[in-house]
Each structure stands twice: as structure tokens, then as C-alpha cells.
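See the structures that follow.
Next, two complexes with chain A in common: one pairs it with chain B, the other with chain C.
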Partner chain A sequence: MQSELVLQVVVNGILLGGFYALVTLGLNLIFGVMDVTNFAHGDLIMLAAYFSYWAAELFGIDPVTFIPVNAALMFLVGLAFYRAALKPILRAPAYNQIALTFGFSIFLQSLALILWTSDMRQIEVPYASRVLQLGPVSVGLGKLIAFVIATGFTLGFLVFLGRTKLGGAMRSVSQDPMAASLMGIDVDRIYLLTSGIASLLAGVAGSLVTLNLYINPFIGGELTLKAFGVVILGGMGSYLGMIVASMVLGLAEAFVGAFVPQGGSLAPGIAFAVIVAVLALRPKGLFGR
Partner chain B sequence: MEMERKESRALAYAVLLAAAVFPLLSGEYTTRVAIGALKYVVLAISFDILARTGNLSVGHAALFGIGAYAAALSNVYLGIPMEAGPLVGGLSVLPLAVALGFLTLRMRGAYFSIATLAFAEAMRVLFLYARDITFGAMGVGVPPIFGGDVIADYYVILGLVVTSVLLVILLERTGINYAFSAIRENEDAASVLGVNPTKYKVMAFALSALLAGAAGGFDAGYTTYVYPYEAFSVAISVAAMIMPIFGGLYTVEGPILGAVVIYLAEEVLRGWLPFGYTLIYGLALIVSILYLPRGIVGLLRGKKGKGWLQSLGLGEE
Partner chain C sequence: MDMKVAAAAIVILIVVVAGAYVLMSGQAPGAGGGLPDKIRLGVILPLSTASYASAGQEALRGMKMAVEEINANGGVLGKPVELVIRDTKGDPNTAITGATDLITKEKVPIIIGFYSSTVTYASMNAIKNYKPLVFVLGASSVKVEQLVGMERWFFHMHPWDYHRQGTVIDYFLSHMKEVPKKIFVAYEDGVYGTTSYEYFVNLSREKNAPWKVVGEAFKTGSSDFSSVILKAKQENPDVFYIVGYPGDYPVFFRNAKENDFNPKLIFIVAPEFPNYPKDIGDYVAGVDVWSPYLNTPEAKAFVKKFESKFGRAPEYWAPFGYTAIKMVVKAIEDAKSLDKEKLISALEKVEIKSPLGTVKFKQTGRTLHQVVDKLFVVQWQGGKVAILYPEEYKTGELIYPVPRWSERG
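What follows is the complex of A and B.
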């Protein structure tokens, strides 16, 4: 009985971890390539979640079907975000980066409040609440779909980064923008596309949020902090570290939620505690440069 | 130079006099608005003191919230009157701030900001969770400070503002501020030149916390209720950060101006934009970074003093 419960909790943790990896991916990418810490990352996911909500409410489009459109929309948002929020602070002191991206975080949040108020919103997705019984383990279909799509995009992105010409250009810019520019790579264009792709990935994550959770304009802050927790645990800019750390966070939340009394209210705090504890011991993250 | 100093001193006394007679000449509503603005002046100065060492706190609500809870819980459990709230709030955050100062000592740039943001969120989760002590999401109710006399409340918060301003002036006069600036500009160089970064960073953290905690302790008795979602809200951290940046960091008058201007703008905007009036914060921050690197103060002072801007790491002009 106990071992079955543990197995169930492990499965829940892994499903959650796969989603966290995708949530973190865009933040990690912008940090890796541009060396900018984007405090507005979660708010881009929030914005995409509302696009998904609008598509469902106004046109009756299913959130999963809407993913390609949402990704394309958010790619464009990412291009604009680069011009407005990232370009002015490239290679600026940390102070400017923190303050400007944080300013855009509040801006996006306020915009969402004006457009959609602070009410909790949810899309009715009948199949998402179905539960599959896989041997001793039961899995919500919505969570399973979110995990599969998130993992697909995460791995797909890593293949893109490793195997394509554009991915290679992004890697060389992340290592040494000056050298990359001397090799004939248009660094500004790579930065622009990086921001677009990071936002595209946030768009997919935003669609998946609406599949399983209520949304309001404030969800971005918590998502940003969870993504920070993952990159601080896994190492800023490291993708393997990011996947491992996402799993650790997902599993830790699932275990605390299941086995600690009143753990459900404590679980969201794990990422915050991890951040404070890791940074206190290793001020630049566990594998910081 | 001497002339300028005399003028600015005269201006300071005039502002202080106006602030002192203000509640006697105005109604209850305007006095309450003024109390709200002054509360944020204290928070803005508190943020600025810490920022002088180069550390940007994005979690100032943690210090404010713990001060508020300390004042409220010591009233509930120990019967300490809420009139002592600012003192209780300020002093009880102090040991924590010293610990945090040491903990965050080696964190730089974004890492420090992320840690403070996470710390404030962790405090909210913790105070919600420990409901046997903190009453959880229900919050703690306390009797009003000075029986709810608005004019008395006003003078308490004005006293806190004056204390904060005097503290900053003292920092600037004693040269401690030079140590702060040296650490902000280049910590390694400062340390080579004999400035002990540990000592000054912990000192800045402690002074900053003392003021934020005192503001929280006052707020508990003024609003007569402390809720985890409000005491540790991101909105407070955001205001504490944006007001001094918009007003002009590392100056005496910048945080005061920024807090008053943004608070009043928010009051007006809240009327016709009940959702999303926080837009003013986002815009103020974006405009400050892109167009007003020295805030309102920089605008008022004009081109004079150009040159120190770059050395502060505040971007180019």
C-alpha cells in the first residue's frame, strides 16, 4: 500500500518536473545566450495562458489545438520584447537588467489586469479531467498531455540547438559574442531570434497551464521564481542541469504535498527555500560560473 | 556652493513645517492619503540605504511583513501596546537582518535580487503555514494605535520619516556613505583599499531593516489587521523598489519625492482604473531605466553633476 502511494507520488512529481523544465527553458536560454536575467519570463507565460483562454472563450478552440498559433503569436511578442526590454540593457550593469525586466513584468501584469481583471479564469476541457488507470498508478489525462508536450518541446529544442545551423550560431554567440561577430554571425539578429524562441517556448508553457490550472494575472511571478529555483539548482545556462533540477523540484513538491501534514500549502514554498539555501552556500548557484 | 546649501536647508525646513501643520489644516481623507504616502517614504528610504551598497532588494515586503507581524503578535501574546509597534517591529527585524546580511554577503547582482524575492515569498508561505502561531490566512487583529486618532497616527509616521531622513544625513556626514559607494562601485577594489565589505553590507542591511520593520509595525496598528497575503505582498516590494529608483537613488530627497509622486499618482489612477492601476509602477520603472537614469532628482538638478552617473553604473547619458 505504502509503496504504491510512493510510486504514485513519484509519477506525479515526474509529470510536474517535465512541465517545470519547459517553464524554465526560455529563461535559461536568454540567460545563456544574452547573459540577461529576465524577471518578466513568467509574465510571458501568463500572457500566453490568456491568449489560450481567449481562443477557447471567444472561438471555442481547444488549448492543445491552439498551441501552434499561440507559439507563433508569442514568437512575435518575443521579437517585440527584445526591442523594448532586452536590447537596451545588453551588457548593462545588473542593476539596469533587473530593474528594466522587472518593470516589464509589472507592465504585463497590469495589462492583464486591465484586459481580464483579477478574477480566476479556467477553460473547460472535458478530457483533461479524465483519469487513466495505469496499473497501480492513476494519471490525470490533462497532466499527462502537458508532460508529453512539454518534454517534446524541451527535447526538440535541445536537438535544434545542437543540430541546426541557427542553433550552432546561438551556441557560439553564447560562448563569445565578439568572436561570433568576427566569424560573420549577425549577433543582433541571433539575439532577436533567441528572444523570439524563448517567448515561443513560454507560449507553449502558457497553453499547457490552461489545460490544468486556473489562471489570473499574478501567476507569472510564481512561475518566474520557480524557474529561478530550477536554474539556480541546475546551473544558469546548463540544459542537463535544468532537466535534472526540474525533476528534483517536481518530486520534492509532490513528496512534501503528499507526506507532510498540511504539505499542500507548504509545497509551493520549496522552490523559494531552495533558492535562498543554495545561494547562501553557493552565491552564484550550485554550478555557477 | 554656500548659497546653495543655505537655500536647500531653508527649503527643507519649509517642507518640514508644512508637513508638521498639514493634518491640522486638512480633512481626514487627505490626512489618510498623507499617512499612506509617508509610510512609503520610509520604505523607499529603507530600500535606498541598502541599494547604496549595490544590492537591489526585490523582497522588501519580507522586512515590512515581519515587522508588522512582530508588532501584532507581541500585542496578542504579550500585551505590548500597539503604540510601541514601530519600535517592536524595527527591533525584531534587526537580528534577522544581520543574519540575512551575512547570508547574502557574497551574492552579487541578480542573484541577490532573486534571493530577496524568494525570501519574501518563503516568508508568506511560512506565515500561512504556521497557523497555530500566526492565525494563518485569517490574519491577526489588533487594537488601533492611539485609539484610531488619525492625527496622532500622522505624527507617528511623520516621526518615522524624520528619523529615516536624519539617519541618511548622518550616513552621508560620517563618511559611511563613501564606504557604501566604494563597495557598490567595485567591491574588490574597496576591500583592497581597506573598506571592510562585510561590516558595511551588514550595517546597510540592518539599518534598512530597522526602518522597513518600523514601517510594518506602524502599519499593523494603523490598519488594525495583518494578513500574510498583504504583509508579504509583492506590491509592497515593488513600491519600495520603484519609488526610490524613480525619485533618484543615493540621494536624500530622491526616495521622498519618488514615494510621494508615485503614491499620489496611484491614488488618482486607482479611481478610473480599478484594475491595473499598477501600470504606473511598470511605466515609472521602464521610464526611469531608459530615460531618467538619475530619477526626478537628476531631472531637477539638470546637467550639473554629470560624470558621476557613469561611475554609479547607472547607464550612459
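What follows is the complex of A and C.
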């Protein structure tokens, strides 16, 4: 029984970690390419979750089917976000950038609160609460779908970054915007697309959130905090680090929760204790440059 | 200037200011006999930011319905009623600022509201020196009760922990066909959850309950409770009892299903709060202070009106807010004054028929003015709520043990 429990906890931790990776990806991308920490990233996910919720509520569209539309919508939101908010502060001091994205986060929360109230909402997705029994381990279908799609988008994005011309341009800009610009890369356009893609990834994450969780205007805060923790733990801007750190965070939460007395209350805090411990040993994070 | 003269001047100044303050603070608006143009009632609730802001907004909906009805019937003492609203944001400091503002600046005759034991405790502690007239809707922790004790200015709607836990234990012990042998209690780690758990353990012991209790704390608002579920599964309890906030429950149900955790009963606090998705919320039982399925004329009329306005059934905070306003306005009408002492005396005598039943303020032995002291036990059955307890309101029988997750459609 004990080994089965461990196995179940590992599976739960990995499922959680896979979702954290997708949540973190957009934050990491904007940080890597633009050197801006976007504290509103979780709130973009919240916004996308509401899009998904209303699509299901008003038109009966399944949240998984809605992902492409949501991604496209959020891509446009990301473009607008760059033009309106990110572009003017790209060369501003870091404090100003934090103030802006933090302010944008609060703005999005207030907007959602006014438009949709603080009511807790959940889409009924019958298949999402179905359970698969895989030997001794049981897995919620909703979580498994979220994990598969999240992992697919995360890996797909990394291939895009490594193998395509646009991905290459993004990497060049992230390493040295001046040099990239001298080599004929339109840096402003890359920034614009980066913001769009980061927001697109938030759109996918938002759809997956509605598959498994209730939503309200404040769910973004916890997501941003987790993503921020993952980015720091993995090393700012490192994608391999991000994936490892997501898994570390997911597994740490699952294990502490299941095996430490009163761990259910401790888990969110312990995850950050792991981050503190890792940073004490490796100040730049697991894979920091 | 001579030092002695200066000292005397300062002493006189202090005496004058203090005297003026004492005179003014004793003088509520309208105390001189003349009433203001509007009867302004102070309201303080969590309306944004907090995960439980939806409860505050629901209470406010009920309050506004009451005010609308009252004003449509000519107000009170010929004056319209108006609510002066402050948002606590679920934050103790914001609540203290808001309450102080209502007392000192707005000078309202009474403050109605408050939610969450943590916020209410901090607020009462901060404002108790003003001895303001308050009608607290929420807060069930006895820590709040101990803080205010026998103060005459304190009125309270929500049942205290021991009312709730007393109901739960009485139900498990005397109204279930098979008394549970083991109960796993998952409780949120704030004041509300912790004190509820302590009460459950202590009252179980006092009543010589035969069950074993296992407890585990969790952090409210988390997106995953699988770890708590796995621990509970190891213990294999008959009843899995969750003391949390409304948003926590759907996550628990989902995680219980995913981890194939099949206690004979999942029991929660306030089961009628959100509309739980039927596929995971059915068969869930729980203890509630009110039910929209209550079979009284006042409850039915209120539910009907609320549904036509908002397109769904009210959650219990709505009749709480509604009834609180009705009780206060009735007291103002009887007192014919906004004077604090007269209002307190009038409130102590108020008795009205409301969606909560016939309500009045009763002594609990620890505080002077308590409205709700009896709770309901209910269970979701086929997308509807069956009332199981108390006997006089009963509409159905408990399904126990509930079907395993794998046996459900």
C-alpha cells in the first residue's frame, strides 16, 4: 500500500508539474527575450479562463475545442498589451517595469470583478471528472488532458524556438538586442510577437484551468506566484531549468502534502522553502546563466 | 510664560477636549429628537479581492432587497433608508479602517456586516473602545465570542462554532441509522477551520461519541488537495468531513474522485453555497444555517423574488443580509429614535417573521444577542437538496453509504 501511495503521489506531482511548466512558459519567455518580469501573466491566464468559461456557458463550446480560438484571441491581447504597456517601459528601470506589470495585474482583476463579479464559476465538463485506473494509480482524465496538452505546447514551443527562423531571431534578441538589430532583425517586431506568443500560451493555460478548476477574478495571483517561483528556481530565462523546476515544485508539493503531518497546509509554503534552499546553494537557480 | 501657567493651560485644554469628545460621542445623530433626512445604516462586507467576496456580495444583494422593500413602503419613520457601504477586501486592516470611518466620520447609528472570523476578531478588537452598535452577520469562531463577551452593543446573526459542531455531532450520534466509527476532518488552517476542528474534537469527547477523529489542516484556496485526499484514503474513514470555504469544496470532490477515495459520506459546511457540478457534487451532505428548499411562506416568497431578480437560488448570506436589515429597521421603528441605548433596547425586543423563520435575539450564556442557534443537515440527491434535520423541516432520508465514484453514472 505504501509503495502504491508513493506512486500515486509521484503521478499527482508530475501532473501538477506539467501544468506549472505551461503556466511558467509565457512568463519565462517575456523575461528571456525582453528582460521584463510580467507580474500580470497569471491574470492573463485568468482572462483566458473567463473566455473559455463564457464560450462554454453561452455557446456550449468545449474548453479543449476552444483552445485554438482562445489562443488566437489571447495572441491579439498580447499584441495590444505590448503596444500599450510593455513597449514604453522596455528601457525603463526595473522598478518601473514591476510597477507597471503589477498595476496591470490589479487592473485586470478589477476589470474581471466588475464584468463578472467574484462568483466562483465552473464549467461542467463531464469527461474531465472521469477517472482512468492505470494499475494501482488513478488519474483524473481532466488533469491528464491538461498535462498532455500543456506538455505538447511546452515542447512544441521549444522546438519552435530552436528550429525556426523566427525562434532563432527571438533567441538572438534575447542574447543581445543591439547585435540582433545590427544583423537586420527587426527587434521591435520580435518583441511584439514575443508578447503575443507569451499571451497565446496564457490562453492555452487558461483553457486548461477551466477544465479542472473553478475560476474567479483572483486565481491569477497564485499562478503568477508559482510561475515566478519556478522561473527563479530554474534560473531566469532557462527553459530546461523551467521544466525541471516545475517538476520539482509539483513533486515537492505533492510529497509534503501527502507525507508530512499537516502537510496540506504546509505544501504551498514548503515549495518556496525548496526554492530558498536551492538558491542558497546555487544563487542563479538550477540552470541559471 | 510661567511653567505653571503653561501646565495649567495644557491640563484645561485636555479636560475641555476630552469633555467635548465624551459629550459628542454620547450624542448619536438624531439623539436630540430630530431625525436626519435619511436613515443611514453602515454596512461593511468583503466585496472584492477576498476569495470569499462572493459571500459579501450575496449578503449585500439581500440587504438591498430589504431596503428596496422598505423604501417602497414609505421608509422608516417617514424617512428613506440608505446603506453606507465599506469594503473589507477580506483584509483586517482595511476592515478596521472602514469600520472606524463608519463610526467616527459617517456617524452611522449601527454597523451591519463583517465576514470571516479573522477579520471580525481584528475589527472588534480595534473598535471595541468606541462601543459602537454592531450587528455582525458572519464570524463563527468562539474567539470572537470570547472577545466581545456580554457587551450590550454586540449583536450576532451567524451561529457560533459550537452551534454548528453541536448540530453535526447530534446528527451523527442520534439521527444516522449507523453511527460512524471513524471521521476524518480536513479543516482550513485559519481561525475558522482550526476552532471548528477543536470544537468538533472536544464536543465529541464531551458527548462520549464512539468515533475516532483524525484531523488534517489545509490551506484554503489551493488548486489541488490530492495530498489531503491521499492521507484520508490511508485512514479509510466512514465520514470525510471538510471544514473549508465554498471554493475549496469542488476541488476536494474532484480530487476525491480522481484518487478513487470512497468514504461512506462526504460531509461539508454550507453545502448549498455554490451550484456544485452535479457529477461530483451529488450525495454530498452537510450542515447549513439555511436552505432555499425551506418550506415556510416567508422563505418561499424570498426565494421566488430573489430568483426573479438574479436568475438563481439565493445562498444563505442573502437572507442573512435581508433579515438583518429588516430587524434593524423594525427596531428603529419601535425605538422612534437612532439613540444607541434606545436602539439596543428595541433590538432586544424585536421579533419578526423572516426567510430564516421567526427571528429574535437570544442569550447564549456567553453573549447577549444571538439570532441563529439551530442549523440544518442536508444532502444533495439527484441535483436537489433534501433536508434531513431538524425533524420538523425534514423532506428526505440520508443516502448512506453513498455510491462509490465508479458506480455513479
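Keep in mind that, in the parts below, the second predicted complex is superposed on the first by the 269 of 289 C-alpha atoms of A that agree within 3 Å, B and C clash if a C-alpha of one lies under 4 Å from a C-alpha of the other, contacts with A are read in each partner's own complex, and residues count from 1 in each chain.
Here is the rule we use: a residue touches a chain if its C-beta (ideal position, glycine included) is under 8 Å from a C-beta of that chain, and two chains touch if they have at least 3 such contacts.
Values in this document were obtained by computation on a predicted structure and should not be read as measured data.
Student: Under the superposition described at the top, does placing chain B and chain C together on chain A give a clash or a fit?
Tutor: Overlaying the two complexes on chain A (C-alpha atoms) leaves chain C and chain B clashing.
Student: Which partner chains sit in contact with A:Lys143 here, chain B, chain C, both or neither? Use first/second/both/neither.
Tutor: The second partner, chain C, only.
Student: Contact-wise, after the overlay, does A:Glu124 reach chain B, chain C, both or neither (first, second, both, neither)?
Tutor: Only chain C is touched by A:Glu124; chain B is not.
Student: Which of the two partners, first being chain B and second being chain C, lies in contact with A:Gln262: first, second, both, or neither?
Tutor: Both: A:Gln262 reaches chain B and chain C.
Student: Does the superposition put A:Gln133 against chain B (first), chain C (second), both, or neither?
Tutor: In the superposition, A:Gln133 contacts chain C only.
Student: Looking at the overlay, what does A:Asn212 touch: chain B (first), chain C (second), both, or neither?
Tutor: Touch partner of A:Asn212: chain C, not chain B.
Student: With the two complexes superposed on chain A, say which partner A:Ala94 touches: chain B (first), chain C (second), both, or neither.
Tutor: first
Student: Touch test for A:Ser181: chain B only (first), chain C only (second), both, or neither?
Tutor: Neither partner.
Student: In the superposed arrangement, which partner chain does A:Leu113 touch: chain B (first), chain C (second), both, or neither?
Tutor: both
Student: Where on chain A do the contacts with chain B and the contacts with chain C coincide?
Tutor: 109-110, 113, 117-118, 218, 222, 262, 265, 268
Student: Looking at the complex, which residues from chain B come into contact with chain A?
Tutor: 54, 56, 58, 103-104, 106-111, 113-115, 117-119, 121-122, 125-126, 128-129, 234, 238, 241-242, 245, 273, 275-279, 281-286, 288-290, 313-315
Student: Mind pulling up the chain C residues that touch chain A in the complex?
Tutor: Against chain A, the touching part of chain C is residues 47-51, 53-54, 57, 186, 189, 216-219, 221-228, 230-231, 234, 246-247, 250-251, 254-255, 257-260, 274, 277-280, 405-406.
Student: Within their complex, state which residues of chain A touch chain B.
Tutor: Of all residues in chain A, those touching chain B are 37, 39, 88-89, 92-100, 102-114, 117-118, 218, 221-222, 225, 228-229, 232, 262, 265-266, 268-269, 271-273, 275-276, 279-280, 283-285.
Student: Applying the document's contact rule, which stretches of chain A touch chain C when the two form their complex?
Tutor: Residues of chain A touching chain C: 1, 5, 8-9, 12, 16, 109-110, 113, 117-120, 122, 124, 126, 129, 131, 133, 138-140, 142-143, 212-214, 216, 218-219, 222, 253-254, 256-258, 261-265, 267-268.
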